[in-house]
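Please find one structure pasted underneath; my questions will follow.
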Amino acid sequence: MWGTGVLKGMAVTIKNFFDTYTSKNGIFTVEYPEKRLPEKERFRNFPILVYDEKPEELRCVACDICAKECPPKCITIVKAKDAQGKPLKQPEVFDIDFTVCMNCGICEETCPFDAIYMDHEFELAEYDRMDALIYKKERLSRPWTHFEKIRPTDAKEINERRAKDATKTAAAVKPAPPQASNQQT
Amino acid sequence: MGLASGSPTVDQGLKSELEKEGVVLTTLEQLYNWGRRSSIWPLQFGLACCAIEMIATACARYDIARFGAELFRPSPRQADLMIVAGTVTKKMTPQVVRLYNQMAEPKYVITMGACSIAGGPFKEGYNVLQGIDRFIPVDVHIPGCPPRPEALLDGLMKLQKKIDGQSIESAEWYQQGQKREFPIPAFGPKGLEPPYNPEVWKPREYEQKKQTEAEARKIHGTIHDPKQSAVSQ
Amino acid sequence: MIQLEEVKAELEKSLGVQTELSGSGLLVPKSRLLDVFKFLKENAKYQMDYISNLCAVDYLKQSQIEIVYHLYSMRNKTGPIGIKVRTDRQDCIVPSATPLFRGAEFQEREAFDLYGVKFEGHTDLRRILMWDGFEGFPMRKDYVHEDEDRYVEHP
Amino acid sequence: MTNTIETQTRPSLSTQQLEVSIGPQHPSTHGVFRMNVVLDGETIVKLKPVMGYLHRNHEQLAENMSWLGSMPYTDRLDYFCSMTNNIAYALAVEKLMGIDVPERAQYIRVIMAELTRLVNHTALVGFLLNDLGAFFTPVLYAFREREKILDLFESVAGSRMMCNYMRFGGVKLDLPDGFVDCAKAIVDNYPPFLEEMERLLTKNEILMARCQNVGILLKDLAVNASVTGPVLRASGVNYDIRKIDKYGIYDRFDFKVPLGTVGDVYDRYYVRILEMRESLKILRQAFKELSAGPVISQKGLIAAKSPRNMKVPAGDAYGRIEAPKGELGFYIVSEGGTKPYRYHVRAPSFINLTILEDMCLGHKVADAIIILGSIDIVLGEVDR
Amino acid sequence: MLDPRFRGSDIKECMENLDQIFVQAKRTVMNLAESVLPQPLVLLVSMLISIGVIAAIGPVIMMYLTWLERKVVGRIQNRIGPNRVGKFGLLQPIADGIKMLTKEDIVPEGADHILHFLSPVLVVVPALLVLGLLPWGRNMAAVDLQVGLLLFFAITSTGTLSIFLGAWGSRNKFSLLGALRAVAQLISYEIPQVFSAVVVIMHTQTISIVEIVNAQPGFNWFVFTPWGFTGLVLFYIASVAECNRTPFDLPEAESEIVAGFHTEYSGMKFALFYMAEFLQVFSLSALAAALFLGGWQGPFLPSWIWFFLKTYGLIFIMLWFRGTFPRLRVDQLMGFAWKFLLPMSMINIVVVGIWTYASPIVAWVLGILIIAISFGVLAKLNTRYHIERNRKFILAE
């Protein structure tokens, strides 16, 4: 009969209307600034550089692999030089252009020295684009404890692997470069 | 009224006491700013993947309606916030600038996503404009590709903070003789004519600022810039 | 799956067209292209009524542009037959497949827009992706896009 | 033609035709797509689609980037179904390289593809109703379900929309431990959501009056214009690439292919709802048969570790899959180097648009909008 | 000086006071004015009071209707409406108002300045005028005319002209399309609306709204009769179309013609269009309540509370429509008005004719019979070739 489909449709919407008051998960909104969604562990937003103890000693050895691997080429690395001009195993300039980075996580996969990981921080809106959105080395570096806090299972895996590599390199006469195991990060 | 000679100074002590008794003491400016801040109507204008995240923000879970920004007005006349969500290509730039000109005056621009800030991952493309701030002034930049809906809400809250800070004397749109009509680029054989709007896009000043910083530090060696080599291959 | 050698033999027998196997398709001379399409479409054994993919490839070293067609049959649900056609890079003119397959219309316009391949017999050959005033064919290997104002953020 | 188009031309009343451009910025063109429409009153006389407003030169960028480098770019092709784009690209390169994919990775690929189909069809039903005028309610119900599935993608691949999860020879990472039963829960309470949407929409008289006998696509025109996907099946042509090419392990699942009879907007809407039901069937079977094992083949792992010097043997290959919008194909030419020589995407939405004008002639402006909505185009894929 | 009523319990007495509170207030002011001013000015003061109250209440009703709509439609879509601007988002309409006031007012250069300026005013004035005719409570109608209902329909029909004026003045293709649709829709839905109101006039033999409400004392409202119920349904559907609300919101169809007839209006002019739409929603729901649901008649609560309860009940249904329905196409819209609503309202008039002359039992049986048969026949006629209810789908292998 004409009109029954229309009435059934209205019944659905009114049920949803009263669900928001009666049933627990009627309201689907998570009120952002006050309440936040539980963060997924593997969420990747922008990369960070990781250091163990002191912020000057980054794990990164400026090997430029991630700069070559990055599809949109947004990483710029300059090797540090000590007084006599001999290149050091530290990046002098390591900046990532956040207006080009596409959060794809390829740098995290291909870094052999576990130096660069993807962070969960997403509240990065800025008023000025020129210098605020080109992250220098200082703004990118985070302690390893921060990484263990946001990604516990991955951190546990990586620590075991690094411990195993450390013992292997210590045991072996010639320190072989740390081999990535089957199940990398 | 103290409006002409600088904004009237209202000492905070008196204000907080009155507020305790429920009397709200506010200057006309704060009332204007509060009105504009809490009912921003975005323009229904999506370009690419970030537009889907913008729609997800308007949907049930993140609910931009809580901020009063629920009515996505289709016509630029009634909108006062343009969220440039997605890659602005050279073929689309005249439309974007014309839309910006058509919007009624107290208008704001949020560039959402890496593509609209500076070309993003498609920066090297021949048909991609490297950032919309070459043609129109931008208030808030939200990096990310695409930024999470919460990042868009965070950007909106930062825009609200910026609106709070505005004052009637210094706001551009109230000045006489302020030309707020931005020239619309035309299609040339190779790209857009003119490629950027000199009034809005001032990298040169920024360049001088960085030169002065660089002399101060004076320690750089030769800079190996992979991007240069990648493009010329 | 359809064996390309078998198709090659079939074409030679019935149409007398000399085709050679190159990569995943049959290289057909430009002049006999439409006959091959008509044959593959009407022949009872093949009934290739669906053109899935049409794309141009720019071989700079041999200074040739190759157009690749992939034909399928929706009625017999049989696998792809790759047809390739080569033309010179300067005056590249190829008979258009649109009268036979309407599906090729937009893809031919895209090949014209990005590679400059003129399809004779196409209903309205205009630029589809770039704006009409644009000069040059951007996807060619020797196209260098001189950017008007390449501002690089890094100092 | 049917009864809706009985507008005879009245010779005495010579009306002037109105040229309107339903422009790149329009509430319901699903992105930056423009239709130059010539109207006689409200009836459409001529309709010319104009595209290219989102032409981001994906194919040229891919030519000077490593093979894996353009995998994250495929997410941005059809930004509703990033997983299926990755699978299609991975399949094409695997065909050229001859890498095999382990058992568990095949099952994960099927699960991700079917979850993406659910997301895409739900969002499409929502947007089609939005074009019909329902004030955002179906879109919000659809996006509520989409959020749950996006949480799954985020917990697996790391990003809600841009998953970049497939690698040549398998997948990037294994499923997190809580994934399978969480996915089972979502798949189990999907049918009640579909019933709710059906009660709200399918038998709604206004929707039936607006969508039936509008934009009819005949069978042979569809085949000749190489239309693929649900639009083709709604016209009654039984052509589903999962059944024909049997790529991956789709021959192990038994599922049906829903076909329409008339081929109008209502058929295209309902065929998608039936397809969602079939996808749920596949997902349940896949969850049952999911077995433990490696997620990426040994050769694939080495390639994933240093993509910049991964070489693909010379030759060309065309791999295609049944993406939610139609047949998504990748044609790759390699000269044995670390960069693809030619990289072409056969986008289903781009080619499904050829018949937009044929379907819209004689209809009203309101019909043209919902016909465009029923074809389900995404501009990232149309303009590449 | 209360009405001489029997002294029931004191709750009943306080209800009476509450009921007449506004009438008392006006009377005290009038007494004060009489003692001070000469006679003609007293009349002026009484008019000014009524006009002042309505001019104050109108915009407040409109503002909090927008708030109610955003909250109700939000809840339908299981999200929370605006809640960060004030306690429950209650300050949201005020913020909208301030923003609209401070917005730049653009007149497109091709547009006709006078028409562009005039049409928002011409749209709001009828919507405000009509509020005066409504019986807000027991003897609380601003102006109690003998020809109230006739004047009501006359005023609301001028709204169509001003919408076309505005759309034509802004020289924009989309608003032109919207204007053509608006004129066609509003005129063709006015006839079934008036016809379904004629039913009440025939029964009560008066066209003064106050008399109609008085003819429904206590609980026997007209809606409990067969012709009353169908009259309410028809009148309500026609008034949804009159105020351009979903599913008949073709003149400002967002998804087709960008923003319909008010595409070119920004700032306060757009706010006036917005106010006119919501005031029309309020006034037509109030009239539907007055005609069929017994206006302010109600057993226990004060009269004006009943009036607001019934009106907001009907408004809630309109908001419910907005959250549920897709939009009709132009020719279906016309077909629905001419081929379904109009014949049904004529048949309704026949039923009320029988009702007045036949005995109650015969009238009831005949009434229900005629309405049911005619509804079935008309529904059949209308959907003969349109809708195929359950269509066959093949699940191929």
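A, B, C, D and E label the chains in the order they appear, each numbered from 1.
The rule we apply is simple: a contact is a pair of C-beta atoms (placed from the backbone, for glycine too) under 8 Å apart; a residue touches a chain by one contact, two chains touch by 3 or more.
It should be emphasised that the depicted structure is a prediction, and the values quoted were computed from it without experimental measurement.
Counted as hops between touching chains, the shortest connection from chain D to chain E is 1.
Shared contact partners of chain A and chain E are B, D. Shared contacts of chain B and chain D, meaning chains that touch the two of them, come down to A, C, E. Taking the CA centroid of chain D as reference, the farthest chain centroid is that of E. With every chain reduced to the mean of its CA atoms, the largest distance from chain A is reached by E. The chain occupying the central position, as judged from C-alpha centroids, is D.
Work out the mean CA point of chain A and of chain C, and you get 43 Å between them. Chain C and chain E have CA centres that are 63 Å apart. Remark: chain C and chain D have CA centroids separated by 24 Å (rounded to whole angstrom).
Put simply, the C-alpha centre of chain A and that of chain B have 26 angstrom between them. Of all residues in chain D, those that touch two or more other chains are 26-27, 52, 55, 57, 60, 72-73, 136-137, 140-141, 144, 147, 162, 200, 203-206, 208. Residue positions 129-131, 138, 153-154 of chain C are each in touch with at least two other chains. For chain E, residues that reach two or more other chains under the stated contact definition are 76-80, 254, 258, 323-325, 383. On the side of chain A, the complex with chain B involves touching residues 28-33, 36-37, 45-46, 64, 67-68, 71-73, 75-78, 81, 92-93, 97-103, 122-133.
Residues of chain B touching chain C in their complex: 90-91, 118, 126-127, 130, 187-192, 195-196, 203, 210, 214, 220, 223, 225, 227-228. Across the complex, chain A is touched by residues 65-66, 68-73, 137, 141, 144, 147, 151, 154-159, 162, 164, 172-174, 176, 196, 199-206, 208, 301, 304-308 of chain D.
For chain B in complex with chain E, the residues that touch the partner chain are 31-32, 34-39, 44, 59-61, 63, 65-68, 70, 73-75, 77-78, 80, 102, 104-106, 173. The touching residues of chain C, when paired with chain D in their complex, are 23-25, 49-53, 55, 57-58, 68, 70, 74, 77, 79-80, 82, 101-107, 110, 127-131, 138-139.
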